[in-house]
Structures are given as C-alpha cells and as structure tokens.
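Two complexes are shown next, each including subunit A; its partner changes from subunit B in the first to subunit C in the second.
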Partner chain A sequence: MAMTRILEWLGRFYILMLLAFLYLPIIIMALMSFNTSPFYQLPFEWTTDWYASLWQNDQLIAATWNSIEIAVITTIISTVLGSMASLALYRYEFRGKKFLQALLFPPIAIPWLITGTAMLIFFFGIGIGRGLLAILLGHVALALPYVIVVVSARLQTFAPELEEAARSLGANQWQVTQRVTLPWIMPGVIAGGLFAFAVSFDQFVVSYFLSTPGQTTLPVEIYAAIRKGFTPEINAVSTIIIVVSMALMLLTARFFKFGGEK
Partner chain B sequence: MAGVQVANVSRSFGAHRALDNVSIDFADGGFYALLGPSGSGKTTLLRQIAGFDFPDAGRIAIGGEGVERVPVEKRRIGMVFQNYALFPNMSVADNIAFGLSVRGEPKATIATEVQRALDLVQLGKLGARRPHQLSGGQRQRVALARAIVTKPRVLLLDEPLGALDKALRVDMQIELKRIQREIGITTIFVTHDQEEALTMSDRIGILRDGRLVQEGPPEEIYDRPQSEFAATFLGDANIFRGHVTGNGIRLPDGTTIAAASGSSLTAGAKANCAVRPERIQISTGTARPDSGNANTLKGQVSKRIFAGNNSTYFVECDWQTLKVIVQNTGAERLAEGEPVMLSWSPESTVLIAAS
Partner chain C sequence: MVDQLATGSRRGLRPALPLLLPAYLWLTVAIFLPLSAMMFFSFMTDLPLAGKEWAFTLGNYAAFFSQSLYSTLLFASLRLGLEVTLWCVVIGYPAAYVLAKVLKGRSREAIFLLVILPFWSNGLVRIFSWAMVLREGGILDTALNAVLPFKINIDLMYSYPAVIIGLVHSYVPYMVLTCYLTLQAIDDSLIEAGRSLGASRLQVLKRVIIPLSMPGLIAGAALIFVPVVGSFMEPRILGGRTGTFYGTIIEDQFVAVFNWPLGAALSFILLAVVLIILALAAPVLRRAS
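== the complex of A and B ==
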C-alpha cells in the first residue's frame, strides 16, 4: 500500500521533471520578454517595451515574413509533390522502385551542413546563386523526403480493395483518389505538411548558407542579431512564434486523430 | 442484364499458370458458383471478368460485347468483396450512392435509388450509420446494395459470406438468393464452400490448378462427377480403384463393382468407381440383402458418428474402409464391431477414369 503510494509519487515527479526539462527554458525566455532589464536582472519588472521596439525592427520583421512565406510555400509544394510521389510508389510497380525508395532516406540522415554546402555550390553552378529563391528550393528538397515517408506510412494502413471497390462502381482514377484514397491518408498528409513546415521554419544551417544580407530568414536574422549583441526583442519575437505554432499544433491535433481510428 | 462468355482464357503470373485455357458460358440471369480449393484460380477468373486484371490469351464477353481489354470502371459490373470493402469515411447511404454519384446522376435520383436499395436489403433506416457501427451481416447487405444500385450487367461475389458465422451465413445465403431472383441479375459467385455452391447456384464450375474440372447443374455434378476430384470435392464419395470390366470395374481381389451403363472407357484400363455414402444401404448379418442391389460387400462396423439427423458408419471391408450415411429413422442402430452387408445399385455408381 505505502509502496504503491511512493511509486505513484515518483511517477508524478518524473513527469513533472520531464515537462520542466522541455518547457522551463521556453517559459523563462517568455517571461524575460516581459522583463524591463535587458540583462535578465531580477526583480522582475513588467514591460511590453520589447514588443513595441520589435515593431520598429524592420529587419527582424522582414525576416519573419520571409520565413513564414517560405515555410508556407515549402509546405504547399512539398506536401502536394510528396503525396503524389507516395501514391505513385504505392500504386505502381516499376523498374528501380526499390532503389528510388531507398534513395529517399539518405537526405534525412546527411548533416544539413553538408547538404547546405552542396546546395550553395550547386545553385551557384546553375546560376540561381543565393537568395530567397535558393532558400525556397533548398527547403522543398529538405522537406520532401519527410512528407513521402509520413504519407507512405499512412498508405500502408490503406486497404487496396477500397480502390478496387471504387473502380468497380465506375469511378475513374481521379475520382478514386479524391473520394476514397485522399480522405483516408489525410491525417498523414497533414502530418507530412506539419513536418515540412517545421523543417522549413526551423531551418538555420541551409538557410544560412543560401541567404544574402538583405534576403534572409528569421533564424538566420536572430543569429546575426545575437552576434551583434543580444536584445530581449529576440525573446519577444520567439515568444510570439512559440504561441502561434503551439496553437497551430493543438488545433491540428484536435481535428485529426493521428495514428488512431481505423 | 447480360450473360458472360469466357473463352479459352489463360493467365500466368511469372512461371505460375493461374488460369489455363478456361472456357465457361454464364447464362443471362443465372446464379453461377465457381468452386475450388485456394489457389485453384477461381478468384483470378473472377478478377478477369471484373476487369481488375487482363488475360494473357482468350476472350471475355459481357452481353456479347468483347471486354477483355476494357478496364473495370468501364465494364458496368457490380462486385462484392470478401471483406466488404466499405468506404470507412462515408455513411452507409454515401457508400451506396457512390456509384451513382461518380456517374453524375442528379441528387434526387440518387436519394430515391439509395433508399430503394436500402429497402431491398432490409436496412431501410440505417442510411446515416457509419460502416464501423454495423454488424458483419449488415455490412454484407450494404456491400450488396452498393454493388447493385448502379444496375450492373453482372454481379460478381468474391467469397462474400466467408467472414460470417455459420447461422448468419445460412440466413445470408437465402437472402442473397432472394435478392438475385428479385432483380434477375447474372451472378457469379466465388466460394470454396461446397455446401454454399450446392444450395445457391443454378450451375457450378469446379476449378483446380487453373483448369475447369467440370461444369454443370449441381445435381448433375453431384450425381455424375467426371473425376475423382469432382466427386470428392463436391460432397463425399467412396472411391474404388480397379480395372474396367463391362460397365464397371474389377477390384484387385476379383470383386466386380457394377456401374451405370454408358461408359466410354476401354476394358482393362485403370479406372475408379465413386459411390456417395448415403446411397449405400447397410444391413446386419452376413446374408445377401434382399434389396436387389447388384453391388454387395461384407464388412464390419469400425466406427459410428452420430450427428442427430443421421449417422455416419465407417465399415471395414476387405480392401478399404467405406463411409456410409444412414438417416436417423429411430430404427435400431448398429454397434461398433457388428458384421454388416453393404449394398448399392449400379445407378448409384459412377465410373470415372483413373487420375
């Protein structure tokens, strides 16, 4: 009796520590974005000055919009292309299919530093050079394998008779895909899209290699700002991003039950 | 509605010959069972008729129109799958409406037709349910309603009752037959259950290793099987092995078994005789029974299995153990070890070539 009580409390303590480990740095950062002292001095004095001055920081705002724009476009392109590729790999047998599937995994494992260097050389070679277009192309290439892996995993749970049943009822390939297959794999497509967004929005290494001073993304801009001298504006912009992305995640989790429900 | 003609159809998967020169004529409005063990090619044949797969050689016609290169979505067939294959993201009504909807029928027509189909399969009020809220038998009915609501030319059923338990299966057999009669659709039914094939179909085709072994009405196949495989796969049979003499065969010990006349086998050739267990009469003692049957054998009861309405006796004879099924009439039952005489008529005996 006493033993189980102790184990129960140990379990709760463990979960508490885990949550603290995950969230404490973020919470401190969020708190500091409302603290008057730029040097983390206590006692805590409430202010929204940093959010106000963030509004004046054109460079940071421009970089934020760049990041959002690139992440959204990357998500759309790589989710559409990746889902189409997954369907093709699921439906058709062709020469070299196994090889092609195997080729999808190395890009996930190759360090981004190396991928970034390779892309920089490549984009210079073909005349695209650095800039937002190069960053976008790079992000799409990075995100694609994630989408394909996630959507393909979902497709593995799809019963092929459903497509056959739809065809036997007179549905053409497009109607089969749109009315039967897509609704089933939608949670996978959404999850793949979230991955793609995260890969792009979080991307520092590849973006750093491919950006130019005027054309850059938020992570690269934050890094540059910290090198020049840290300001709590960074805390402010980070806090906004965390709130928005957590809200997005929770909404998605609310509307799509991942993994479950057959 | 239309008949289906399959002519000289062959299909191989790599080195495996799944269908070997199969020809069958499925009559318009008939209920046809394709029966065979797993791997016999019955499902492959059904998939050729459906259009999921194309034959390497041969012709398939639906309603006289050659379709062997027409994809499934253009063949106007209805199919019921083994595990029903209901769309999980749609309600029962939307499942049934699917075929009409992809065809672009007006909404009002779809609603009427769907309700009519639901009523036909006696699920009138369940249109709003999701497939996972239904029982196995109800899913089966939805799958059937979905397949026939588009008024297909043929209805194809791939072991549709396999996933149901026995009592429900018998109900669904009757139900399926009723619906088929009501709409008069040509129906091709794949099964490995011989009883299902016998009770439901007008004609049966028995397949084995990609070949059509025998084809005809159930009574004909049961009473006059043309091979040992047909005799033992459809129903039960006692098989005697010997050599042709007259209209029957001579067993190695010299006993002759007389079969119905009309055999084309040459005298002296190796041949078998098949006798159904329920055609054999059994009597106690060693005296020749007065049944007038030409074929008699003496033996000893080695085992009795009581099954309520009948009993199966295993009778040890000189050469082999015979199976005899006796209706339960309330008369005295035979004990194990009892000496008995078996007798049956030549008309109950089928001469078949040795395989």
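== the complex of A and C ==
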C-alpha cells in the first residue's frame, strides 16, 4: 500500500512537471511583454509601453480586424451549414451516407500545408486569387468538419422518438426542428461554433498561403514580424491572442465535455 | 449498433439533400476540387494562366526522384515526425495514465482541461514563446547560470533540439487526450484481477494496460506524426538555418521560388506518404471502435 501511495504522489508530481512544461514558455512570453527592456533583459521592470505601441501599429490593427471579421463570418456560416448537414446525417438513412461521413476526415487529417497550397493553386486557377475572400472560403471549409462532428456527437444523445412524437401531434418539419430538435442540440451547436471560431482565429498555415500584403490576418502578420526580428510588441499581441483563445476554449468546455460524459 | 438504433429514422437521400448540399458543396469547392487541381497541376510544365505556354510532363516528379535533395529532406521530415511522436508517447502516456487512473473527480477535470487548453491556442504564438526561453541570454540560459556555480552558455535557439522541443510542446496534448480516452475506458477490476493473480505492476502494464490502450496510442501517433511531417513554420522559427525540412521546401516553391508545379508535385508526394501512414493506422483504430 505504501508503494501505491508513493507511486500516486510521483504521478501527481509528474503531471505538475508536464503543466510547467506546457505553460512556462507562455507565461514567460506574457511576462516579457510587460518588461521594459526590448532585448528581454532582466531584472524585470514593469511597463505597458509595448501594449500602448500596439495601438500605433496600423498594420497589426488592420490584420486584427480582418482576423476577427473572418472568424465571426466563418463561425456563422460553418455553424449553420454544419448543423444542417449533421441533422440530415442524423435523420435520414441513404446509400453513400458512410461515404459522406468519411469525407469529413480528409480536411482534418491532411496537413494544412497541403490543403493550403492546393487552395492557392485552385483559387488562382478559377480567378478568385488570393485575399480575404479566399481566406474566408478556406476557413469555412476547415471549420465545417469540426462543427459536423461536434453537433453529431450531441445528436447521438437525442431520442428520435421525440421528433416522432412531435410529428404525430401535428407539428410540421420546421416546427419539429425549431421547437424540439434545436433546443436539445443547442449546447452542441454552441460548442461547434466556438470550435469554428478557434479554428479560424488561430489558423495560420492556410491563411499564410492565401493572403496578400494588405489582405492578411493577425497570425500571418505576426509570422512576418517574427521573421524580421523579435520585438516585445509581438510578445504583447501574442499574449493577447493566447488569452483570447484560451478564454474561448474554457467557454467551449462549458458546453462540450472533452473527457466524455461521466 | 448504437449508431443504427439512434440514427436514420427515415429513408431516402432526396429529403436530406437540401440540408446536406450547402456544406458538401462548400467542402467540394474549397477542399476536394483544390486537391484535384493540385494533382492536375503537378503534371504540368507551367500554370495555365495568362496565356502561358504549358504542356504535360512527368518532370516535376522526376525532379523528386533524380535530385537527392528532396528525398533526403523527406527522410529528414519523416525522422523528425518519428522523433517528435516518440517523445510525445514518452511524455504524454504516463500523464494520461495518471489523469485516468490516479486523479479523481474535480481535480481530474480541471487538470485535464489545463493540459488540452494550450493546444487550442495559437500554435504559431506558442512556438514563438519558446524562442524567448531558448535563445542565448534567454530565460533558460539566465536561470541555469543563476543556479549553477559554473558558467555555461545555453543557446539552443536555431538548432535541431529546439525544433524538437517546440514541436513536442505543440503536439503532446494530442497524445494525452487520445490515450486518456482509452485508458479511462479500461475497467479497474481488470487491473485488480491481474494484480491479485500475482502479476507484478510491470506485467500488468505490459499485458493488460498497454494492449488495451493501443488504439489511443496509435490514434495519437497518427494525429501527431502527420502534421509534424508537413510542418514548416516551427522549423523556420526555431531551427533557423538548420531548420530546412520537406515542408519548408514546399513553402519555398509557393512563396519564394514560385515554381508551383514542382511545389504541387512535392505536396502530392507528401500527401501519398501521409495517406499510406493513415491507411496503416486505420485497421487498428477500426478494431477498437
């Protein structure tokens, strides 16, 4: 028994080490964004100058707005289209359904480098070219499979008898969907939407290949800045991004249990 | 079974179409047609744009096989993927075990969330944060020199280990997640039964726990290996000059050299490799579900 206790405490200690590994660099980056020295020199002296100078950086601000706009539009489109498709996959039995479900995995599984370059070639070929529209087209496609998977998972917990009951009581298809099905799957839809926002807002690779100077997103702008040289300004904007996306994920976790229902 | 019981209360594709069509059309235009177009372009001498001359060729693929640079880099990327995956198993599996079998209740939920939280935050920014830690005069250097009695110079930045560290940091939550899901499903009584029949801890681990959690390990490995082989941003930022891999060469074709047909061919070879790996992993995963 004593052995078991020791092993359990070692296990807990190990988890703490892992958390340190995962969070230390992020915490250090956040601290450095409040440090006066632009060369990350210690001792630490508190300043918010780097955040203030972000407001002067028109390029970064424009890219931030693009990122937010694209993420919001992506969220709306992919949540609506994805929920519709999940409903169809749930309600109806038809040939080729397994195939349609299998089609959702390539966009998730294929490295974004391949998807991104393929989109670049194709959008160029059909005349859309690069820019915000191309980025939006790509982001929605990347987010759709996630939305469908998450909403479908929620639909699995829904009893089809409820729809039948509503129908036998005289509700039409639209009323059934709106009054019975949608309220039940709403947590899944919200979680799917938050996933979609995260996929779009944090997306770098696909945006990178589809952007042009002036029509770009925040991660692409940050990458360009990093390659020019590190500045505390990048730390500041990176810290903001990390905080935003983590807050978003915490919110998602409220609607969607990652560890499975238990 | 559950699948069939719960779904498909009604038959027919026709009523399902209006709901399905928008999503799948979008996927077709933005994913499946581009992938097909890329395959097409990879057999061309030039892009058929703005009246440029073009013809069909196998030259782009011939370039891959005739110049050892490309296959060398592909192997370097495969090796990178393998090393990162192994590190993720070594680091992630024990953590998943502790989460699934040692921690209970609220502390398990909270720590689980903490582990997977960073993996949904911006990958680029997390890679960048390592630059702060690893460079000379960076945090690791300063901290070690403050503790150690002798002077050492830690400058891991722009090196192969830096790329490994950054990638493991990015992908280890995947392994924890997939292994946790399978480990959690193992009935504790199986482990107790093994122990009471006289098996040592190590034997139980080898004969019961690891075989039963294999699907999680394989799923995690596939989820990590595939994107790492195609990574380019991480090696660029953390690897500097040593960070030339297959992914960075593909990136170059599209943003620097502008040889798109060659880039398409290189991308397609990568896709073929990725698909073969996923196909190998698929039977194990299917048996599990």
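The rule we apply is simple: the second predicted complex is superposed on the first by the 232 of 262 C-alpha atoms of A that agree within 3 Å, B and C clash if a C-alpha of one lies under 4 Å from a C-alpha of the other, contacts with A are read in each partner's own complex, and residues count from 1 in each chain.
As a working rule, a contact is a pair of C-beta atoms (placed from the backbone, for glycine too) under 8 Å apart; a residue touches a chain by one contact, two chains touch by 3 or more.
Source: prediction; values computed, not measured.
Asks: Using the superposition on subunit A, decide if subunit B and subunit C clash or fit.
Replies: They fit side by side.
Asks: Classify the contacts of A:V151 with the two partner chains as first (subunit B alone), second (subunit C alone), both, or neither.
Replies: Once the two structures are laid over each other on A, A:V151 reaches no partner at all.
Asks: Looking at subunit A, which partner touches more of its residues: subunit C or subunit B?
Replies: Result: the larger residue contact count on subunit A belongs to C.
Asks: Examine A:I222 and indicate which partner it touches, taking first as subunit B and second as subunit C; both and neither are also allowed.
Replies: second
Asks: Figure out whether A:R179 sits in contact with subunit B (first) or subunit C (second), or with both, or with neither.
Replies: first
Asks: Figure out whether A:A166 sits in contact with subunit B (first) or subunit C (second), or with both, or with neither.
Replies: first
Asks: Tell me, in angstrom, the smallest C-alpha to C-alpha distance between subunit B and subunit C in the overlaid model?
Replies: 9
Asks: Taking the contacts subunit A makes with subunit B in one complex and with subunit C in the other, which residues are shared?
Replies: Correct list for subunit A: 164.
Asks: Show me the residue ranges of subunit C that touch subunit A in the complex, using the header's touch definition.
Replies: Residues of subunit C touching subunit A: 2, 6-13, 15-17, 19-20, 22-24, 26-27, 29-35, 37-38, 41, 47-49, 91, 94-95, 97-99, 102-103, 108-109, 111-118, 120-126, 128-133, 137-139, 142, 169, 172-173, 176-177, 180-181, 184, 222, 226-227, 229-233, 236-237, 247, 250-251, 254-255, 260, 263-264, 267-268, 270-271, 274, 278.
Asks: Help me check something: in the complex, which residues belonging to subunit A touch subunit C?
Replies: Within the complex, subunit A touches subunit C at residues 8, 11-12, 14-15, 18-19, 21-26, 28-29, 32, 39-42, 81-82, 84-85, 87-97, 100, 103, 106-107, 109-115, 117-125, 137-138, 140-141, 144-145, 148, 155-156, 158, 160, 163-164, 198, 201-202, 204-205, 208-209, 219, 222-223, 226-227, 230, 234-235, 238, 241-242, 245-246, 248-250, 252-253, 258-260.
Asks: Any idea which subunit A residues touch subunit B in the complex?
Replies: Listed in rising order, the residues of subunit A that touch subunit B are 159, 161-162, 164-172, 175, 179-180, 183-184, 262.
Asks: Which bits of subunit B are touching subunit A when the two form their complex?
Replies: Contact set of subunit B toward subunit A: 50, 52, 71-74, 76-79, 81-83, 85-89, 98-99, 102-103, 132, 146-147, 150, 156.
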